[in-house]
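Two complexes are shown next, each including subunit A; its partner changes from subunit B in the first to subunit C in the second.
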Partner chain A sequence: MSQPPSLLSNMMRIAGWIGLSVLLVAIFLSDFLAHAPAGAIMSGAELNPPSPAHPFGTDVLGRDILSETLHGLAQTGRHAIWAAAVAIVMGGLFGAVATRLPRPLALLLRGLFRVLSAIPALLLTVVLVGLFGHNFVALAAGLAAAPLGFIRAFDHVDLRAPHTEYARATGIPGLTLLKRDLTYDFRHILGSVIARALAAVTIILSTASFLGFGAQPPARDLGLIIAAAKASYLSAWWTAFFPGLALVFFVLCARLAAGLEEGERA
Partner chain B sequence: MKRFLARQVAHLVVGLCGAAVVAIALSAIGDQRPHNLPAYLIAVTDRITHLSKGDLGHSAISGTPVLDELVQHMPPTLTLLACGAGLALAVGLPLGLLFAFGAIRRIAAPFMQIATATPLFCAGLAFAYGAVQLLHWPVSVNMRVGLAVPPDQALRLAALPIATVGLAGAAAVQLALRRAAARSSGEAFRTGLKRLGLSGMEIEFLYVMPQIIAGLLASAGEIALALVSAAVVAEWVFNRQGAADLFVQSVALADWNMTAVILFAFACLTIVTGFFGRIAGYLLAREEMA
Partner chain C sequence: MMDSGLLLEMTGISLTRGSKTLLDRISFSLAAGEKLIVLGEAGSGKDALLRVLGGFTDRSDAVSGTIRYAGSPPVAAGGRNKPSLRFAYLPNPLAQPLVPHASVAKQLTRVVARKLRAPFGSAREELRLALERLPGAVTLPLLDTKPERLDPVTIAIGLLASVSAQTPDLVLADQPFADLGPGAIKMLLEALHAEQQRLGFGLVYATGGLQPAARLGGRILVLKAGKVVEEGSAERLMSGQAHAYTRRLFEALPRLSNEPAKPRGAMRGQPLLQIHNLAFGNDERNHRDSLTFELRRGAALALVGEPGSGRRDLLRLMLGFDSAPPGRVLFDAVDLNVLSQTMAARIRRRIAFITGRDDTLDPRMTICDTVEEPLRAHLNLTGELVAGYRDAALKRVGLASHDGRLRVAALSAFDKRRLQVARAIVGAPLLVVVDEPLKGLDGFAQAILREVLIDFRTTQGTAFLVVTADLTIAQALAETAMVFDAGKLVERGSIAHLVHAPKQDATKALIDAATLTSLSSETGSV
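Take a look at the complex of A and B:
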């Protein structure tokens, strides 16, 4: 399992990062790239199939799906970036710091996060959004994704590593050692950690939104767009297909960039 | 063995107690008292007192005891989970073995990556679309399933949620299997057994296979987690009236008593499954599987 990455997996990672870069550009230029502003309704153009005028077709209210997908992607992407930041800080970073706390406190924290990791992250997100409101969906998704990152980081740190023993013996302060470990250990895996967190929170955010616990109209993210298309997509496939495709592409790029195995939980 | 068992029992007890604390803290939020810390702590104490008497409280929506609602809604979800787990094993086991030992993994990898990157609600909607367009099956995506459904139609209506949950579980099963196979492939005993004169097939079946199955069993908690997550989404997509669907409705309508009990039930399910899986894995392999 700990073999050096093959040429193919390196290429996959690069492809993932290129895809994420393209999506990042689309997210920040969504207002410029979209044909119509978010939620703009064209009367008489309801449920039009894909055509040169509307490459992705129109939805049941006559909204251009290409524009809606771009706006939805921007909404999902912005929330995902915040949620990923929360997941990294409260998960990986806090896990690495918690290992150095006094042993009973460290084990107590690990126990708490272990319990939270036994609850599906989606359910935790739904509960947190229910408690604190829809404006906190990014924070909720980040916090819900954090327990798994915490456990991984906690278990990854080796407190009996030679350099740690040496530091202890020579009286180097714990904070200096922590700074050294975060700099050296996280430097190589930071990109992978970011991409992994992005993949995890994007799925959580979009699913929570699909269940009605994410973006609130008039703001619509990809999950909400697909939820709205549920009523019409059996006869008008394009209403759900293109937003769904954008979502899958986003998650796929993040997974590839993170170097995750097929089927591996992000 | 005794030390391993003691550790696992301790993990189980800590896990269940932790889940209970989370559930009590959540259910106390639904209390009608003013929202400040002292009132909240009194509400928590009240909940613990009621729980010690076996009273789980009442649903804020229906007014019926939470336990009655749970007993009514849990069986469909458990059936969905059990059928999904069966499908997950039926699909995930051969896939995992195929990918672990064959070169086919390299060919299938891109498809598997796309399948894994697909959020479950998208997969569920895609299944429903395929069933309607290709098989002309009835689907419950845009309607509630009534009780008076003919058996053949009920079977078709149930097939799609089961497929959705099953495939989510299959991804977890094949990964657990593949990891266990990769771990055992590096074991030093293979060379030793070959020198003793055992054939490759004998080594695989007598020594490697138990290790792989033990690895799979040790990941039972992880697989259960994937199945529970999938059940929530599948019940919502296909309008099934189970505990997972009730959970979403309870949170939306701020029925924290009901939410807390369902959350606790799901947490217990994954914690207990993980516990028995690790014990079974240990008994099979005679060593702790990571």
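Take a look at the complex of A and C:
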């Protein structure tokens, strides 16, 4: 039986959700909060260190890094929300439904998803992007994160529990029993599932973009911004530091909100 | 000074845990060879009293008062001082008092060896001799296996033998035989009584059931909310002289009626459950019995027998829990085994279950959702109507005052049992399967649930299929019965006739187990 969460872990979760809320506001107000439009170049302001005019400094092309970080955060965040939705529906929800399929088919699906979950999610994303193109990176990241969610949901549902057996014996339909699982189990863990999925897909999306398999210029993405700073970050630390900090903050808040332990897989 | 012959004397014992008072200034004494039955419903404080006596209170418990053991000065209750008496503890085998990975015989021998401070070999011999004295033909080699491979009655005999082999001064029995079946309970109580007579130990027997109190006799301490409501001999408390609370309890004690059954009009209804040549039995395939019977609308049939007699196997076959058996099972003139799952589900909605298992309700659901689910799943009713039916059902079972948002997991066994009845009521079933409904409940809750079930049957005229080892509940809820023994049907007929003129030993044993006879009056008062 799982232990009830301690006061500290509850506080960490709350802190995580507050952080995610702040980031969500920043994502949707990014155009309003940013000093400059995405990709706007200021000639003569190349590689300026942080200053009152440019709190995060400027990059090698003279772009305001605060504005770029906000635009990148918005792009990464929107993709992450879509990808998390795909991961939850194709993973958790499908896993809960799949347990109701005829037993051999359900076990076959579980085996298939088990194999998929053993493949690194980033590798799976790269393969899917290769198949469907860069525009489908959010879908690819969501599908790549889904197998783990599928396995967790599949194993969580106990169709042989006595209360399920007795409900069936009194003619309670399978759909009602599925509704029970979704209502009582997933309602309580939905917040945790969303945060867990956000943490997983944000890392996948940013890494894919960093490696050139995700968002493509002129789109802004945190992974892409960090990748663009590869040539300058040794001499101008701020070019990679602030976008990197935003990414770390996003993932950290999602992990805290999900209640994940140190080193635990999202 | 403590009187000579007194074993222990408890004075002003109080126990509080947090803000809750579990025991409130309890005082009593116990003489050597005396029996003290601590009778109380769940939460009455009987468990707390045993914990104080046994010296295994929790760290968070605040205990006050003194205990004085024979030959010792008074000591503060709740302390870790070892008494000069030799204690033995008799737990209930269903509470899993033994570790699962070691042999029962080894565990019991280890206890005996530690208590007698004797070598392992000597303790084993003592245990073997104790087992020989007890009924049930349980031997030491039989106990040389893990607890999960033994039935609870065998383990109970082993535990009793272990207590006897310890030659204790005082035995603390914590509902040791509850839920083991009336026949087994009677046999074990007789064995405990005989050992107590032989060894002369003091016995403190905590129970929520009335049968042990009525059978063992001795002195009874009635507890309610941590306080002693009444104390006196079993004979006095069972007479009309007792305190109103105690009197009401004993009046509710079920007794087997010898009167002929009144004919019921409902018996003439259309057949509801028809069983044709159902192969049944736990023998080899070619030795299986072939069973044919029918249950009419509004009628009630009891499948009676000790646990393991085969009645539940038959029930599972009839209701399709297990794979389709040879033979035909018709419910409302439809063979459930030839229907698709969807069609079978439509028929099955007219069947309800009320069982002695607490895991048949989804622990995640709330009280309201549990009762509403059959209505929402099968009928297209407005929310207002659903709430009306729900509230009416909850009121009938006495759960109306509970917060409907409470989860099933947070309810007591008694509340869960009543919730099962409420769920059955709203479904307006044609057949209610009642499977050991009183199991695990104290005598107080049993009396109320019995009334609730009788009211359900009387007012709705639903057919009842009752699975029980207790002939009194069978008689209260059904007119006819089939008696099972060792996986076979041994006798059938109207319950009144079976009780009046039983033919088979199994039926006689069930009647004997349901007939309350004081062991003290049989063998002389202790």
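Keep in mind that, in the parts below, the second predicted complex is superposed on the first by the 265 of 266 C-alpha atoms of A that agree within 3 Å, B and C clash if a C-alpha of one lies under 4 Å from a C-alpha of the other, contacts with A are read in each partner's own complex, and residues count from 1 in each chain.
By our rule, a residue touches a chain if its C-beta (ideal position, glycine included) is under 8 Å from a C-beta of that chain, and two chains touch if they have at least 3 such contacts.
Every value quoted in this text rests on a predicted model; they were computed, and no experiment measured them.
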item: Combined model on subunit A where subunit B meets subunit C, clash or fit; value: fit
item: Contacts of A:Leu93 with subunit B and subunit C, given as first, second, both or neither; value: neither
item: Contacts of A:Leu139 with subunit B and subunit C, given as first, second, both or neither; value: neither
item: First, second, both or neither for A:Ile172, with subunit B first and subunit C second; value: second
item: Partner chain(s) touched by A:Ala26 [first = subunit B, second = subunit C, both, neither]; value: neither
item: Touching partner for A:Tyr184 - first (subunit B), second (subunit C), both, neither; value: second
item: Which superposed partner A:Tyr233 touches (first subunit B, second subunit C, both, neither); value: first
item: Subunit B versus subunit C as contact partner of A:Ala161, first or second or both or neither; value: second
item: Subunit B versus subunit C, judged by how many residues of subunit A each one touches; value: B
item: Contacts of A:Ala83 with subunit B and subunit C, given as first, second, both or neither; value: neither
item: Least C-alpha distance (whole Å) that remains between subunit C and subunit B when both complexes are overlaid; value: 9
item: Contact residues of subunit A, present in both the subunit B and the subunit C interface; value: none
item: Contacting residues of subunit C [partner subunit A, same complex]; value: 319-321, 342, 344-353, 355, 357, 359-365, 373-374, 376-378, 427, 429
item: Residues of subunit B touching subunit A in the complex; value: 11, 14-15, 18-19, 22, 26, 29, 99, 105-106, 108-109, 112-122, 125-126, 128-129, 132, 139, 141-142, 171-172, 174-175, 178-179, 182-183, 221-222, 225-226, 228-229, 232-233, 236-237, 247-248, 251-252, 254, 259, 263, 266-267, 270-271, 274
item: Residue ranges of subunit A in contact with subunit B within the complex; value: 1, 8, 111-112, 114-116, 118-123, 126-127, 129-131, 199, 203, 206-207, 210-213, 223, 226, 230-231, 233-234, 237, 240, 244, 247-248, 251-252, 255-256, 260-265
item: Subunit C-facing residues of subunit A, complex; value: 161-173, 176, 180, 184-185
